[in-house]
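Here come two complexes built around subunit A, the first alongside subunit B, the second alongside subunit C.
Coming up: the complex of A and B.
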């Protein structure tokens, strides 16, 4: 009987997941994207101006996650943060057994590299380890792409989560209670959805200059509406089924009926909509950043890179890399969305009697 | 009949409003009208009628799944018609329901364990270990292997699913079980098994059962008394045997004559009713059965009929004041 503690997955769900796996491009897109997201969580170890490991005077240290260490800590004559790239060359020259390992891309997304004679943007160069070149301010493009990806994905997931949380709760309440509550809420939503979202976001952003969380909040303010339509309809349909009546006859609370009984039955739709919501959110963020009305500079951002690329067409590597990155990521997410839609298609799994 | 009835229903009405536009006129559909009966502990009352006659609505109104428009429901002497949701929760432990289609009434996203332990979770009874034990007991009781707990409803056959539905209904050891077309969706052979299960459980747990069905032979098999419904009203209420042997109300006569008998030699005089069931939104005046009644008189179009005792012992009731005339 121990099995009932950990009931195995619903066989229908297992079937759906198998089917998703059999849709190759969706499955591999999911794998790659998952891998990229995991990698981006450790971006500090891969793309950073701080060394990963330092061996100095017989002691190991990991500057990535430790406090700032000044030049003086390493016997140099300055009090600001040590330049690990120069320190690495110094260690090699001194040859006293000290060493350090730099990340594969030894630049952070904020620092400006003016070391070359001519002014930036610099074209890609393996020797200088600017694998995708630098932007107009001399910042490494790969570094900005990686950190920009992390921010964009973080933004997309967080916005989606909050939008779905509000949209699902509100939508299912509308569907479940019906009647006057439903009518009044729907009118409110209709009015609210008439607000020209993009303009209002632009105005709000230029007035309050938001940080990341506030920016997510502003986008959620207008993003939750779409979900309520779907949830309302689904709940309305599920509500009239007998299992809801059975739960009521048991004395179940409204909360329990909505979240324990109805929600699992609408999960398919929520899961199917999620990838498309993510695509939408990434596009939204990129568009706003492109217009300079997104996250505050110097936050690494794809939209801002796009803007630079557009203004500096001769520096083809800027536009080239950011457009490829956007196209790749959005295509993969769309493939995943398609795959989920295909795999979870109720026509594949429902028997109509 | 015992002196204090388990359930006492007085003049119960339930109507639905149809069409809820701002400017449209609202129509009311009288699904249950003027139903009164009382039910002794351990008794089985069968309710039969054509589809759309209000049987299910009556069953749901008894559980307060629908709020009755008027009338009172007394359970163990307590008026439960206007209890709040919170107060009702206590009563719900004692009145449970078995639904028609187990595929619909069991949540397909939940395992059997989830389904059967939910009554305990809702009423906050027992620890997890106890609940597991209780679910095992319930499964054994309804004749399913305990290993079913980890499975999902769609992995069972129709009859097994209905057993799960019954197990859920008896989980809290109710006094009253309302079976709404509980076997109508099943094969005939499976019907018999499920009915026998219900009868066994009734004996073991001293259950009182209200058995709603359109199938006269099933109802006859299980019920002590039978109520015949027509357009939301009880037209006849009598002990099962007597109802079948000597139906009194013209509608009951027609119903009984329509039961197929497995005897090719037997000649049956079948009463075929004319016309359709009138729309419950615009019920006929007077006796609702008069447009189809072969014995209807002019007075039937005017006088409303109420359930009245036919004998001095108040065992048989019928809603027709011309019964004596008709049957002589």
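Coming up: the complex of A and C.
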């Protein structure tokens, strides 16, 4: 069956994937996480203050991804974005055949709900559709968790991708070229890795207050080093094998040899390290946000929720939600990592206790 | 830091030609003649405000967030929050009565104004003793001038102030001095300038050494006030010990005050954890200024059973200018219509109502609590979507973009960047942002922490900022609105430049008649209001705290100028005391489960008085 799924793959890889599938907790974690990531990509349809579909005066519209529609567009007396939750009630009251469908969580992660009598944070309420309550600014926690998850995962993947791109290329080149290039690069990396990463990130962030991409950049600046050592050693070993000599004899370019011939054989390292890099990156972002040195507020963020939770222990729903979310996601990613490591391990009978 | 900058600007005002002359004049002229016919004032009949029931003794435990970097009050690193505790015990010549605002005797028993609008004469209190037992004499005042002018203290602001603002101290005998300023001032301001505190000459052996900054970093000066720094352990705690047989009790205004034997300041780096310590009983009182603290966290069994009490006093302290400052160097903000639109897009009322739980008060003017200097008819622009939109339309932002933000014909978005200085303000600015959206205005939030952020403001490297300045009893306008300061590194954050305003401010600064000065102040306030450059934010005209029931406060909590009823954040009026019997009683009651009546006192006596 696996063969039909992966027709082009080499049988060893297929075998590894099968083995991964047989590790139940890793496999299901991967499924769930994949599902969550896909869902979060469409978060605007599920968690949003804008309606999914609106039927008004004989026309159908989908406001989720369209331009802002003001209250005046719906015959109301204000010029700013229409409040779809109120609009829904109004349509029901008017009973003129207009209708709209709200997402299951009808709040966006920025808007503040001050409708309750006392001031926020408000405890979870099904009636108000604040399923996990609100934070100290009256924003829906579930909405912030979902969007925060998307940002955290996006950050983790992007940082990992860039780190690995640089780390793998550099490491492979060090291993392949050897000699003076290797020696100089090694010394450079040794010096670079001595920089107290967290402090430097904190200082840079507090001075330049970066946006998302710049923030990724700062983290990549210090994150790519770890990978180089592994890749250097692996490449160094592979370099002396016959297939590399054969490729060289046939006149393949260095680039081709490294990325087409050697890389597939060192892939194990990358695949095995990836999930742990993701865990590391999510933790890093959350920690920096917790310290107020992460992304600019009001960006939804788990670290910021954690900080709020810590300062407002009596609002148990804040800390409860965000801690559960972090624990769940990090555990799942770790399970996946473990599963991959085990599946890719050539020694079949090793057991991790 | 903000305070120092303010003072710096004030000092620059007074820079004058007399400077050269002064350098060659000796600091003190012994044997100078005291002019005759001086009208000595001592204000010894003002009402007392301490509670005669106060008992002496007990230990008062508080916390500080970080250990001070030095025990000096001048020089590098000295301008931290711990300085308040040191300065609170470094006495000066006169005090201000916290209800009547008249000057009362402190180190001086009597004072008299000279005819030249520059000199004030003082008779020193012969009973005054430093905490190490040495008497305080005129020599300590001349030494202070010497010290403040010394390059060795590495404090250029003080070097400048005690040269270009304070002309010097003249000694007539050991207990009679006069202090002169360089330029003329009206009596109200003059006494403010000349109200100096001495430095202990004997402690420094008569001179400030070159290595002063290092040598005296951890050697606290003896004090004249009720407490002096006792035992301390770096990074852990500082103890302030009561000076034995403190001389100040001879002064009727100090009686029944400063009652506890020692104040222990433990370092607790996190406010949330400090609160837990307080609830555990490790701290005696806890300031509760923030609404979330007062309303959400200061509740539960300990409060319901009456073990911990709460008190809230609305005071009449002057409030510095606070709110949103718009930078006039930004092209978009040079259009008054845009500024007016922004002023009407800022929903401070909702912020106060929702985030600050209705506790804070909307500021109506450029600062408040300045008495007759404030024009009560000036009201802050209200949040008004229609007015905002019509202003924005007048500025050319006529169409609504796809994201609900207005754009003009050049497709420029109506977007400003709001710089603010502490993460604590997150929930507040978020309200402004969300509400401004309804007017088609996009506010991008930019948090730059503390000192770095303030530096950005001084460099005029911002578009709009949420900032509150500290204030004195007489409002200052020169530093904020005079064109002389429309450059970087000044408090004229908005880059305001206007000839008419310059004239008004110069006239205001030079005016000696208090009523004329007040009317000039009103005109200036009106101009500020009309320019929409500083949109008034909120004021916090109160002090409140939670405290264990053995900490006793006077019946009416405190006088009008009291900004810290339990003295939990710095030396205040010292009106509270510790009742040891109640302490024991409470501990027993907590064990046995005995319950007391819960007490929450709210005092609004001063709330509506302008």
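Just so it is clear, the second predicted complex is superposed on the first by the 340 of 353 C-alpha atoms of A that agree within 3 Å, B and C clash if a C-alpha of one lies under 4 Å from a C-alpha of the other, contacts with A are read in each partner's own complex, and residues count from 1 in each chain.
In this section, contacts are C-beta pairs under 8 Å (C-beta built on N, C-alpha and C of every residue); 3 or more make two chains touch, one makes a residue touch a chain.
What you see is a predicted model; the values in this text were computed from it and never measured.
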Practice task
For A:310, select first, second, both or neither according to whether it touches subunit B, subunit C, the two together, or no partner.
Solution key: second
Practice task
Considering only the touch criterion stated at the top, classify A:18 as touching first (subunit B), second (subunit C), both, or neither.
Solution key: neither
Exercise for the section: Check whether A:81 is in contact with subunit B, with subunit C, with both or with neither, and answer first, second, both or neither. Expected result: second
Handout entry: Contacts of A:252 with subunit B and subunit C, given as first, second, both or neither
Key = first
Practice task
Give one of first, second, both or neither to describe whether A:187 is in contact with subunit B, with subunit C, with both, or with none.
Solution key: neither
Practice task
Tell me which partner A:237 touches in the superposition: subunit B (first), subunit C (second), both or neither.
Solution key: neither
Handout entry: Sites on subunit A touched by subunit B in the complex
Key = 1, 3-5, 7-8, 10-12, 241-243, 245-253, 256, 261, 264-265, 267, 353
Exercise for the section: State the interface residues of subunit A toward subunit C in the complex, per the touch definition above. Expected result: 66-68, 70, 78-81, 110-112, 114, 119-120, 136-138, 206-207, 209, 292, 296-298, 310-315
Fill in the blank from the handout: Note: in the complex, subunit B contacts subunit A through residues 60, 63, 65, 88-89, 92-93, 96-97, 99-101, 103-111, 113-114, 118-119, 122-123, 128, 132, 135-136, 146-147, 149-150, 152, 154-155, 165, 168
Exercise for the section: Give every residue of subunit C touching subunit A within the complex, in rising order. Expected result: 271-272, 291-292, 295-297, 350, 353-355, 357, 385, 389, 400-404, 423, 426-427, 430-431, 433-434, 437-440, 445-449, 452
